[in-house]
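The letters A, B, C and D name the chains in turn, as written, and every chain counts its residues from 1.
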Amino acid sequence: MQRIVEQPVMARVLERRDEAADLRTLWLERDMAFQPGQFVMVWIPELDEKPYTISALRPGRIALTVRRRGVFSSRLSDLRPGESVGLRGPYGKGYAIKPRGVLVAGGCGLAVLAPLKDALPDAPLIFGARTRGELLFLDRFPDMLLCTDDGSAGQRGFPTDLLRPRLERGEVGVVYTCGPEVMMKAVFDLCERHGVECQAALERYMKCGFGLCAQCACGDQRVCLDGPVFDSAALRRMEEFGHWARLKSGRRVTLNEYGNWRSCRP
Amino acid sequence: MQRIVEQPVMARVLERRDEAADLRTLWLERDMAFQPGQFVMVWIPELDEKPYTISALRPGRIALTVRRRGVFSSRLSDLRPGESVGLRGPYGKGYAIKPRGVLVAGGCGLAVLAPLKDALPDAPLIFGARTRGELLFLDRFPDMLLCTDDGSAGQRGFPTDLLRPRLERGEVGVVYTCGPEVMMKAVFDLCERHGVECQAALERYMKCGFGLCAQCACGDQRVCLDGPVFDSAALRRMEEFGHWARLKSGRRVTLNEYGNWRSCRP
Amino acid sequence: MADLTTTLCGIRMANPLVLASGVLGTTRAILTRAARAGAGAVTMKSISLEPRDGHPNPTILTFEAGVINAVGYSNPGVEEALAEFADLGDVPSPVIASVVGRNAEEFARVAERMARLPVAAIELPLSCPHTPGYGTLAGQSTPEATREITRAVRAVTAKPIFVKVSPNAQALGEIAAAAEQAGASAITAVNSMGPGMVINIEARRPVLAFKMGGVTGAALRPVALRCVYDIYRTVRIPVIGTGGVATGRHAIEMLMAGATAVGVGSAVAGGGVEVFARIAAEMAEWMDRNGVARVEELIGAAHR
Amino acid sequence: MADLTTTLCGIRMANPLVLASGVLGTTRAILTRAARAGAGAVTMKSISLEPRDGHPNPTILTFEAGVINAVGYSNPGVEEALAEFADLGDVPSPVIASVVGRNAEEFARVAERMARLPVAAIELPLSCPHTPGYGTLAGQSTPEATREITRAVRAVTAKPIFVKVSPNAQALGEIAAAAEQAGASAITAVNSMGPGMVINIEARRPVLAFKMGGVTGAALRPVALRCVYDIYRTVRIPVIGTGGVATGRHAIEMLMAGATAVGVGSAVAGGGVEVFARIAAEMAEWMDRNGVARVEELIGAAHR
């Protein structure tokens, strides 16, 4: 029987901070028990409601790191201290911590992995972006292993290039990843070849956020409740992973067509 | 917020036993946490639902002691082992136990006081009935102090006649009473004169049983929830006590007109 | 501290909470108690021309999401009610008389007499879903019947008239407008919903003796809120928002939907008579925390 | 062990539980999962002629007594649906296609194509309370519209047709009878109730983007039960009793009210996909304890 009331509760913006081109962190007044990988539904009254992860937590406050991309994320980024948004959640299943983990982030997927890195300060964190201007959290995680597509910062290349040697050396127990789904698919395939577990946080269009509507379906999984973090066993069974996603109407399209918000590319 | 579901739960009749002329005890299959003075609403499907006290409890079973009087009580009395009735409750406030109590029962009001006597085996129990044939629980409480209006058993006279000397001797801490309201009024008045607390279990027509409808109002008290047991302080404030009661429509009538079921007189 | 006083059709209330009809309102003494416990106004159990026993028991149950009842307008009739409520001097809040009839003429006859009592207003429930001869079952929940009954009562009293509507009515806006045009002073929204049913599966029978009954409490709350919201957009007379209110937040939702006062009934089942003081305290606390000084600032706020 | 199998319009089901439309039913893979999890039959999310985005978010919330939604029939349209559900071979339970349209002609066009899929039946919701152009808001919840739409769909398919009705409809018996006369094979009772509203008092705004939405879950249960009870007395075709069912006892109440099968939707919110297996187990356990061997013995038992 439904006992929990799934309704937004308003939270005030306390401060905001620019992280990179088009990327801004908003600190909101809220205490929350949150597992890295989970998400909240963020409501802007009379506009829309969308899922965001919590990129950092402190007593009495939580952070959203938002890429300015469409109407909603722009309105969200532009909220001033003192203004409020509605939050419901946290929802979903976060990362399951195991020994000898490596974190692999792509673009603003780092927002999802950031609180996991906070919890696992000694775990290596590989972070790839298209170019130097899209890097974020450089001060927060000075030990990040960086790469850029254009070589403007860190190693030139993809996060998989930094992950591969570690897998080959057999020093990896589990890979936690978040980023564009094509990147996560590449990370997963690599892990499969090395027999290493991979946990990936998927992104799908969401409505309820608590497992009722299956608008967020990927294979037979609801990304909002069964995920958003899935392990290798689950990813293996998901034909859609890395290939297809569904628009608001439920129409299935290629990932390219879906628009890959995590790539932080318009 | 309402969380408890107030609906009858069916209970099977296990056995039945004749107690006196027109008085029968039904044992029902049910475990219940019950305070003497409380009551349950008894439902006979497609007939009606009425309040009854629990006259005895044993592990896994409870007893109703019913005077055959109208259609409902007759149908209830005639239920055979294996048949079922619905029960909801227990409802209301029972007797508050205090030192040096005396129990004063009139007629089938003894059904209400019986479980209290079980809990206080050393407390004196005064029991009055119109005539010998209406006495009950003679085996269960061999130490009862009996009286009858016609002198056919025990002392001739009213329960107040047996209570008075004890009050005068100052040996009574509290009087627990249940019986015809005129009798309870007399007991209360007597207690007042001796400055002794009196707790009386009132009877009024009931609908919800849980304090919503105030169909059972006596003064500004709901007999079902605030009572049915009231102490001297409450009784003093109730102008209606001993004088008036309300019919099913809510019409206020004298106690005589109301019909005094506890007198066990037709 | 926030000021909870409100004025409904000229009736001053210490807070916007109104004891809903049919809950606790059987006697003067109980009305007094509810008012002392913090109800800003109190409504009598509905009174009909003749005494009525109502339906047999069971008449009132709860289920996992609220209350279900088929009391069937048990009441001692207008004659007896005139005696019971003759003196309302010790009731510290305004008293609303609830009047029912089988037709416009009967409504007027009862209302005319009840209006002689020191009551602040006359409420007309046209909307009970479980009493044959009355309310929805007598076709009173239409714009035409609403107009006719309200007019008939307006002709016999100058006191404020509250027309109480059903959440089931499909033409709710039209009904409210008809009431307004015919002289109603306020709309009470809403009466109980459905009807619904509860079956005991061991007995294999509906539990209510009338088989079906009106659904109230938590289950009704969002529907009631939407009715209030709709009615607020349709008429200019005030609305008494009623249905499922059990907390200060719920009461404030009702105000923001457009209610000027807030009815509370079923919440007494879980919260006791104390529920009025608690809801009022929660309202005041919220208003203080959110810089709202007066109830008026909240009325209809969700529309702006 | 009690036998939970039941037959609905010739459709054999392992148990009487039907996944209700709009819950989980977006894809073939999810339908497969619900069926494997124990649903005796599964219903697709409603399909319209063209793709629909539905209302903006928030679209689905819960409140203290159930669920409130204004999804607004988001769906990929019939073309895409034909691809999505072309192969239903791995769904272990019968699949029901839910079809919506703005008028009888559109209903027939979509139904005709959906009926070519390997589905067991076509469901026609005439009763959504929050989607402009469809259901209640398009006047489909009347006996006349029901007759016209059912007839139009009957003309294009020989498959069983389930007409899904609204708990708000005042002429529920007439609507069910109109459906039966026009060729419906069963009545699905009921769709969501209201609509209702939820207001966030800090934001001072209705939370649902469409402002109002249909109320389902616990709040709806007694009303749904009464609708099923009424319809069972009115028509001879079977009823799929839907609304608030979350336990085996609830499902048995529905059967006793007259349902042949029992829809389950909102309970997935609290109980997960596992809710079907749990409800079925609770039903079997109760039947064993009460000496009931087969589901048929329970259907309509509260009427006898």
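Here is the rule we go by: a contact is a pair of C-beta atoms (placed from the backbone, for glycine too) under 8 Å apart; a residue touches a chain by one contact, two chains touch by 3 or more.
Predicted model, so just to flag it, every value in this text is computed and none were measured.
S.K.: How many hops, at fewest, get you from chain A to chain B via touching chains?
M.R.: Each step joins two touching chains, and the minimum needed here is 3.
S.K.: Please report the smallest number of touch steps linking chain B to chain D.
M.R.: 2
S.K.: What's the chain with its C-alpha centre farthest out from chain A?
M.R.: Checked the centroid distances; the maximum from chain A is B.
S.K.: Between chain B and chain C, what is the gap in Å from one C-alpha centre to the other?
M.R.: 35
S.K.: Taking each chain's centre as the mean of its CA atoms, how far is chain C from chain D in angstrom?
M.R.: Using C-alpha averages as centres, the distance is 33 Å.
S.K.: Please compute the C-alpha centroid of chain A, do the same for chain C, then give the distance between them in whole Å.
M.R.: Computed value for the inter-centroid distance: 50 Å.
S.K.: When you check chain D against every other chain, which residues touch at least two of them?
M.R.: 63-64, 66, 198, 202, 205, 217-218
S.K.: Which residues does chain A have that touch at least 2 chains other than itself?
M.R.: Correct list: 1.
S.K.: Hey, how would you classify the chain contact layout here, line, ring, star, complete or other?
M.R.: Graph shape, chains as nodes and touching pairs as edges: a line.
S.K.: Can you work out from the touch definition every pair of chains that touches here?
M.R.: Inter-chain contacts occur between A-D, B-C, C-D.
S.K.: Would you tell me which residues of chain C are touching chain D in their complex?
M.R.: Residues in contact with chain D: 63-66, 68, 168, 170, 193-199, 201-202, 204-206, 211-212, 215, 217-223, 225-226, 229, 244, 249, 252-253, 256-257, 286, 290, 301-302, 304.
S.K.: In the complex formed with chain A, which residues of chain D make contact?
M.R.: 22-27, 29-30, 32-33, 45, 51-54, 56-64, 66-67, 71, 74-77, 80, 84, 198, 200, 202-203, 205, 207, 209, 217-218, 246-247, 266-272
S.K.: Residues of chain A touching chain D in their complex?
M.R.: It comes out as residues 1-10, 41, 43, 45-50, 84, 86, 206-208, 210-215, 217, 219-220, 222, 225, 246-252.
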